[in-house]
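Next come two complexes built around chain A: one with chain B, the other with chain C.
And now, the complex of A and B:
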């Protein structure tokens, strides 16, 4: 089995997909670092010598003003209320939520890329893992070896696991390494709040506690890895089912983007919460953001994703071992 | 024929969406023979071959490679098999050597030294470390054969092995296949729609059409049945008239007469002609081409 996985990794490396992924990340991170840097600079300019507490206070007042407007939608009002109580909590406990530093950048970067950017990168690697063998005809040579079909597919699945882990790891390393040049490498121990739970339109702070940033980041990366694995498994399934890599990419892309759109407009369609793509934003549960649909929780989203992932895995293996290859 | 057959196909059928594609195909290959699988496109050659190599599961029937059932003892059966199904599609972004290494790693029983052996055998030593995307079709074909020979198989299956090769390449391939069968005691199953190829390469032939085997026999036997005699005689009309009293006569293109070959009666026919003053200038036997035979067996079904 190790030999089979090695074969798959060799093919992946030779196709140069992983390099492309690293290049994309290495190109995007400086871009975002610069954007973040500009934003902080502009804020500083605006504030002059103002203390961040004053700014936070101002933000709170701002949110309150927006809340008092009668023209805003219910959903938005709910979110603002939650945000408001969160900001007040920060202020009362003397925590600067925007203190810059490479770890903070890293955290913000993964929080924002978990539902679209990272799944896209995963998709680029996984989409042609099986379909390229089918369209290139090499599957005929692969499956006429004295190796059972499920073992061949498993070796591909393991190669997928490895490369997805590699992507997550390189996002971590690159975002830390590159942004640190601008923001400095400190800030691992900055206290952050977690444990917010949302119930109705209330932000429950019963279980809120402080964790050092490194723990928080570790938690988030765990979730990011989990999401990438599920997206990888589903792409893998499509790659088994379809001969055309373009079709695999198309379907995955459509569902991921649909997820991003749906998340903004499905509040009243409750059963939409069983779609995998509405459940990708796992890090929101850690930072305490509102869920797109009521009744969603970290446990719920993870279970929904797990069910999709297991189903995809089973479908992939059953079809692959039974299918006639023409 | 007392040997254990290298490949045994028994009453193989395949139904796709209610349509019977393969209708009970049976044949056996003995060690060291080159077996031709001849049929027009769409006759079911490739489907049958794909069932033998385990890419398609048959609806019914059994396939045994070296005595191992492909369905129940897949791994053991595959160990005895090397194949190229249709084109030799290898990984273009890997070098020839890496391709071989890749496939060698999938079977633990293949020692590293075997790689050098097969590379030398197919004569690719100079270019083996170049990327496959830079190879010519002939080189890909050879690399394909190298990968098929990696596991020292008992049965080699080549689907259209001379497709896309130039005449020199075809000739080389033919000699190579014959040499493998002779020297390594390999059974080779070759499918082709090129009759001349099969005729020159194979010991035995199965003619397949519309999913069924119409005839299986040695090339000699098949052809001998249809052996003819070509007559050159003067005057032609008289000769024709005399011969037609004895047997069927057709007139050849260049002033010849063609009759069936009938060994015991032939001298009598000749004597009769001579007695009546016909000058017989030439009498020779001619084997028909497999093509004639094929058209006769399949009832003139088109072949390209």
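And now, the complex of A and C:
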């Protein structure tokens, strides 16, 4: 088995996809770093005051003013209200949630890329794992070996798992390393609040507790990895089902982007919460943001994703073992 | 060489997998175990204590939509124009902090003053400007339609009570800063009931000024006269909030008072 996985890893590395992905990340991170840097700078210029409390208070007042306007959408109002009470809570506990630093950047970066960017990168790797063997014809060579089919597929799946871990790790390392040049490398022990629960448009703070930023980041990366694994599994399934890599990519791309769009407009369509792509934003539960649809929680989203993942896994293995190859 | 890369990537990936699994497990443990108690951070960071900035004049603005600047095309409001004017007159750096909220009533302001950050900023202020009471009296223009004197008197008592508390609270937090409470004008002075509404607003202003007089260094700044004659020229299209010109008038008046105050201190 180990040799099979080794073999698959070798194929993956030969294709140089992993390098491309690292390059993409290495290119994007400086962009975001610069954007973040500009934002901080502009804020300082505008308020002429470097105290984060003043900045946060100003933001709170601005939000309150927006809330008092009557022409505001219900959805948006709910979102603002929850953010407002959260910011207030941070302020009261004298914690700056955005103290600049490489760890903070890392955290904000993954929180924003968990639902689209990272799944896309994973998809690029996984989409042709099986389908390229089918379209290239090499699958016949692979299957003539005296190895059970499911073992071959499992070795591919494990190679997928390893490369997902590798991608997530390179996101962590690169975003830390590159943004640290600008923001400094400190800030691992900064306290952050987690455990907010959202109910309707109220923010419940019963379970709120402080965790150091390094733990917070580790937790978020755990969730990011989970999401990437589910997306990876589903792509893997499509890659087994379809012979064309382009079709696999197309379908995944469409559903991921549809998820991003849906999340903004499904509030009234409640059963949409069973789609996997609406549930990708797991880190929002840790930081305490409003959910796109009422009644969603971390447990719920993780279970929905797990069901999709397991179903995809089973379909992939059953089809692969039974299919005629010609 | 290829083999070497392969081994390294594989080992790193396996280590990463374990790390992320650990993170995921920790998340589950952390988020789903219910009995977590919030412990307050023990030490406040150094800048959380009130500390005035040297060499800059900090203007702290609070109150309702007038302080926010609703109706001004540039969104500055009288606080913005006030800052501009003061910048012209002095060489000091001026730092404006505006925490006004549209639709704020005296009760809302009193509640806002309980927030620790607002209190901290109050302590740092050199000058405090505020508008409050407009929403207590007018309720966005709806209340004066009935002109029920009993109801208005009731509101006035509540308002005066709150204002007293606001004054005391501000004074308690900051003994030195002069407080400029910008008074009400009558946005309806070209309407049919002008004489009644004007007398209500005048009375409201008078009582507020009386209250302010009970405290040290609180100036109740009249604006009634500014808008008395050509009210339509100084009102925004909502016929309630001042327009840019109206705000400039208010700013001018407050600015002249502040400068006067500064010179007084020097001599």
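Rule of thumb we're sticking to: the second predicted complex is superposed on the first by the 325 of 326 C-alpha atoms of A that agree within 3 Å, B and C clash if a C-alpha of one lies under 4 Å from a C-alpha of the other, contacts with A are read in each partner's own complex, and residues count from 1 in each chain.
By definition in this document, contacts are C-beta pairs under 8 Å (C-beta built on N, C-alpha and C of every residue); 3 or more make two chains touch, one makes a residue touch a chain.
The shown structure was predicted, so the numbers you read here are calculated from the model rather than taken from an experiment.
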| item | value |
| --- | --- |
| Touched partner set for A:137, first chain B, second chain C, both or neither | first |
| First, second, both or neither for A:24, with chain B first and chain C second | neither |
| Contacts of A:6 with chain B and chain C, given as first, second, both or neither | both |
| Per-residue contact with chain A, leading partner among chain C and chain B | C |
| Touched partner set for A:54, first chain B, second chain C, both or neither | second |
| Which superposed partner A:247 touches (first chain B, second chain C, both, neither) | neither |
| Intersection of the chain A residues that touch chain B with those that touch chain C | 6, 10 |
| Touch list for chain B against partner chain A, complex | 50, 53-57, 74-76, 78-79, 81, 83, 85-87, 89-94, 98, 102-103, 105-108, 147, 151 |
| Touching residues on chain A, where the partner in the complex is chain B | 3-4, 6-7, 10-11, 14-15, 136-138, 140-148, 322, 324-326 |
| Residues of chain A touching chain C in the complex | 6, 9-10, 13, 18, 47-49, 51, 53-54, 56-58, 61, 64-65, 68-69, 88, 91-95, 161-163, 165-166, 168-169, 191, 194-195, 205, 207-211, 215, 218-226, 285-286, 298-299 |
| Touching residues on chain C, where the partner in the complex is chain A | 2, 5-6, 9-10, 12-14, 16-17, 19-27, 30-32, 34, 36-41, 44-45, 47-48, 53, 56, 68, 93, 95, 97-103, 115-118, 120-121 |
